[in-house]
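In the two complexes below, subunit A is the common chain; its partner is subunit B in one and subunit C in the other.
Up next is the complex of A and B:
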């Protein structure tokens, strides 16, 4: 049985490589990447042409681009999660030794690839801007936050695929996320919005913890059948604790007035 | 190798299998039966995709009902479903590679070697880097066969593998099956009695969810001995049809002085399964 467990872990890693590549080169994710780079391009153009440009005021296009990228990554992950349902391979893959939970773990590992790539445009913009503008140190956390946001939304895409097998749901959810996005953060609870970018290193770090907590909860939700054991309960507990503690740290201190958040 | 004891399965009020006891040893066993006889249900149970309502299934000594043992079975199993699905935006190589990972062949070089071996066996190497969505039905069928052959399974379950294949492809399929080394235990569900005659060491006839016959193809053919005759005029029989030579071939208890002919597996099967065995085109 140990051999089986070792082989399963190896298979999850191999699946993550295959699915990661597929997600990375999916037209949906690539469109998001292009839009994200357009956001960076607009920022670069502004900085080059406007002497009064600042990171805090003008880098919003970089943030908006990365949010669109993250939402499209969710749609791409959802499509990957629906693959067996869409192509009617559930039956034949059921007869194979790697179980559903492990396959889901592989897909989630695959989401790490676009999550990593999503950080690149924000990082490029920050590095380039630092040669001309004052870029606050919290930006490094914002770069990480972008990756974690993609990971969290990827897990949401997979959870949606597992609970509502339909190709329409994820695009509608992505659109709703973008439309409902509060924009100006005037109330403290807006800080709980996944897209809020905090203004201090401490708050931004807590927000990363918050997003990771949400990711864990969504992973458990995506695989409720496989998560019934101790591992699932532990993941859920860690997720709930991370979300609760991070919100307790963020809400009293963030976004009580516009400008406390980057976006 | 494969043991079924009192296996039954129903879908609501429809009984798919009723108390099936079966023991299948090494070699190739053909599974014949009319549509709705329970062949696919039986194969899905053996493939561990479906749990029986009652009874027990053991494959290679492992019970399909126990999760840990089920994993062991799945590692040693190749399954080609009746209607295989494919990731259409994957290439042939990518898809088989993906299935190989699910089959726990994790070491990359070994896996790629195995993928190349099986796609070469079923003769799809030429389209290995083409997207599946562009493949013909016959090609896809071969691809489904290729994924079932991954990892040299001890047990191979093939649900109508030759449906939709042209005669040359069917011959190629028979060739591949007969040359598999090491020889797995194969259950071949089919409507093609020629495949059974050409390939199988044993034959099981399933009718209305029950096993009606379980022996060799020769024994099956012999069950119709003295019950097949030809005539120049139509006659009353269980099953009767006009042959290409303009004669009428009949299967039933013949009238006196009939021109008896040597029965085939086809005749015996039709006699056993009755009109239900005549599968509409």
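Up next is the complex of A and C:
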């Protein structure tokens, strides 16, 4: 039994390595990486030419670039999730000893690679900026949040691939996330928007927990067709608890006064 | 009279059905929540993007390798497919615009230019990617990336503007028309028949490809 579990773990790790490399070098993810670096470049140029530049005001291009990168990582993960469907190899792979859940776990492990790489431009911008400007301590949490955001959206891409097997859906969802904004007038519930970056260490940390909870829920949703075990139920419970507790911690404290929020 | 019945059966309609459903949902929400506001306009623009990129699946054909040996040219086969899907997508778009209304005539014309520009671009990208083996699934991500890149540029340089640009409606109409035209050029270029003499002469000389030799005229 232990040998079988070890073999499964080894297979999942091998799949994660292969899919991780494929995702990293997919043209869609690379386009996002270029756009993220453009955001960093614009910020660097602003700091070099404008003596009054600050991290809080001018680093928005870095954040915007990382959000676009996360959205394109979702599209790339969705394409990876649809590979069997696209190549019409679903039946062949169903006949393999490694089950659907294990293959999905491998894909999710693969998403961890772009999630790690997505943190690099933001971290580089923060390190470079700290030599010239005052960078708030919460930036470290924001760097981690970028990686978790890619993980969460990667899980969303895989859930979409599992439930609506069409290459059309993920780009549409990405575009909806890109154009839809909760509103110019800040309100506490905007903190539940996945792309909110809270401005205190405590709230930002809870927001990371919130995103991790969403990730777990989406992983369960993606695996709902293949999973029959208790592991899915346990993951769903942990995800729901994480989302509920983090929202309970964030929402009452997100706004100092109406319209003046820590977003 | 061209019989398009079999062509219609060979096309994947799921993306267009999804786009129509989501487009209708967007317009319903826009009419209920924020009629006549910029948010409502975003919903109509989003519907245009949905419908146009959904048509990018029109050239996907699992039997393309088999059909490439048929006497009908690639361009002709593509025209038949476009004759089926473009009227359907454009009718849905027209219904959405009229249903969402009222728009000033200039606004409605600008939105239609945007839809047609995106349609031309999507078909152009679909033409190229289908030829290279990517298929329609790549169209929407590429359109998404081009719109994002366009929105990162200063307003005066945006080729695909979603908001105001210097020059007002005229400039918006010109830019979207140019985008559509560029897409159509891509489509025409990618629809050359691989079996045509001109194409073979263009591609001859590559590694492993036979040279095209024109036989001498004999009297």
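Here is the rule we go by: the second predicted complex is superposed on the first by the 246 of 263 C-alpha atoms of A that agree within 3 Å, B and C clash if a C-alpha of one lies under 4 Å from a C-alpha of the other, contacts with A are read in each partner's own complex, and residues count from 1 in each chain.
Here, a residue touches a chain if its C-beta (ideal position, glycine included) is under 8 Å from a C-beta of that chain, and two chains touch if they have at least 3 such contacts.
Keep in mind that what you see is a predicted model, and the values were worked out from it rather than measured.
Visitor: Give one word, clash or fit, describing how subunit B and subunit C relate on subunit A after superposing.
Guide: Aligned on subunit A, subunit B and subunit C fit with no clash.
Visitor: Output check: A:237 vs subunit B and subunit C. Expected answer is one of first, second, both, neither. What do you get?
Guide: neither
Visitor: From the CA centre of subunit A, what is the angle out to the CA centres of subunit B and subunit C, nearest 10°?
Guide: 70
Visitor: Can A:178 be said to touch subunit B (first), subunit C (second), both, or neither?
Guide: A:178 sits against subunit C, while subunit B stays out of touch.
Visitor: Report for A:166: first if it touches subunit B alone, second if subunit C alone, otherwise both or neither.
Guide: The second partner, subunit C, only.
Visitor: If you stack the two complexes on chain A, which partner ends up touching A:82: first (subunit B), second (subunit C), both, or neither?
Guide: It touches subunit C, and subunit B stays clear.
Visitor: Once the two structures sit on chain A together, report how near the CA atoms of subunit B get to those of subunit C, whole Å.
Guide: Minimum C-alpha separation, subunit B to subunit C, in the superposed model is 8 Å.
Visitor: What residues of subunit A sit close enough to touch subunit B in their complex?
Guide: Touching subunit B: residues 1, 4, 7-8, 10-11, 13-15, 18, 83-84, 87-99, 103, 106 of subunit A.
Visitor: Residue numbers of subunit C touching subunit A in their complex, please.
Guide: Residue positions touching the partner: 14-15, 18-19, 22, 42, 45-46, 49-50, 53-54, 57, 135-138, 140-141, 143-145, 147-149, 152, 162.
Visitor: For the complex, give me every residue of subunit B touching subunit A.
Guide: Contacts found on subunit B: 44, 47-49, 68, 71-72, 74-75, 77, 79-81, 83-88, 94, 97-99, 101-104, 106-108, 111, 144, 147.
Visitor: Touching residues of subunit A toward subunit C in the complex: what are they?
Guide: 28, 31, 35, 38, 68, 72, 75, 79, 82, 86, 164, 166-172, 174-176, 178-180
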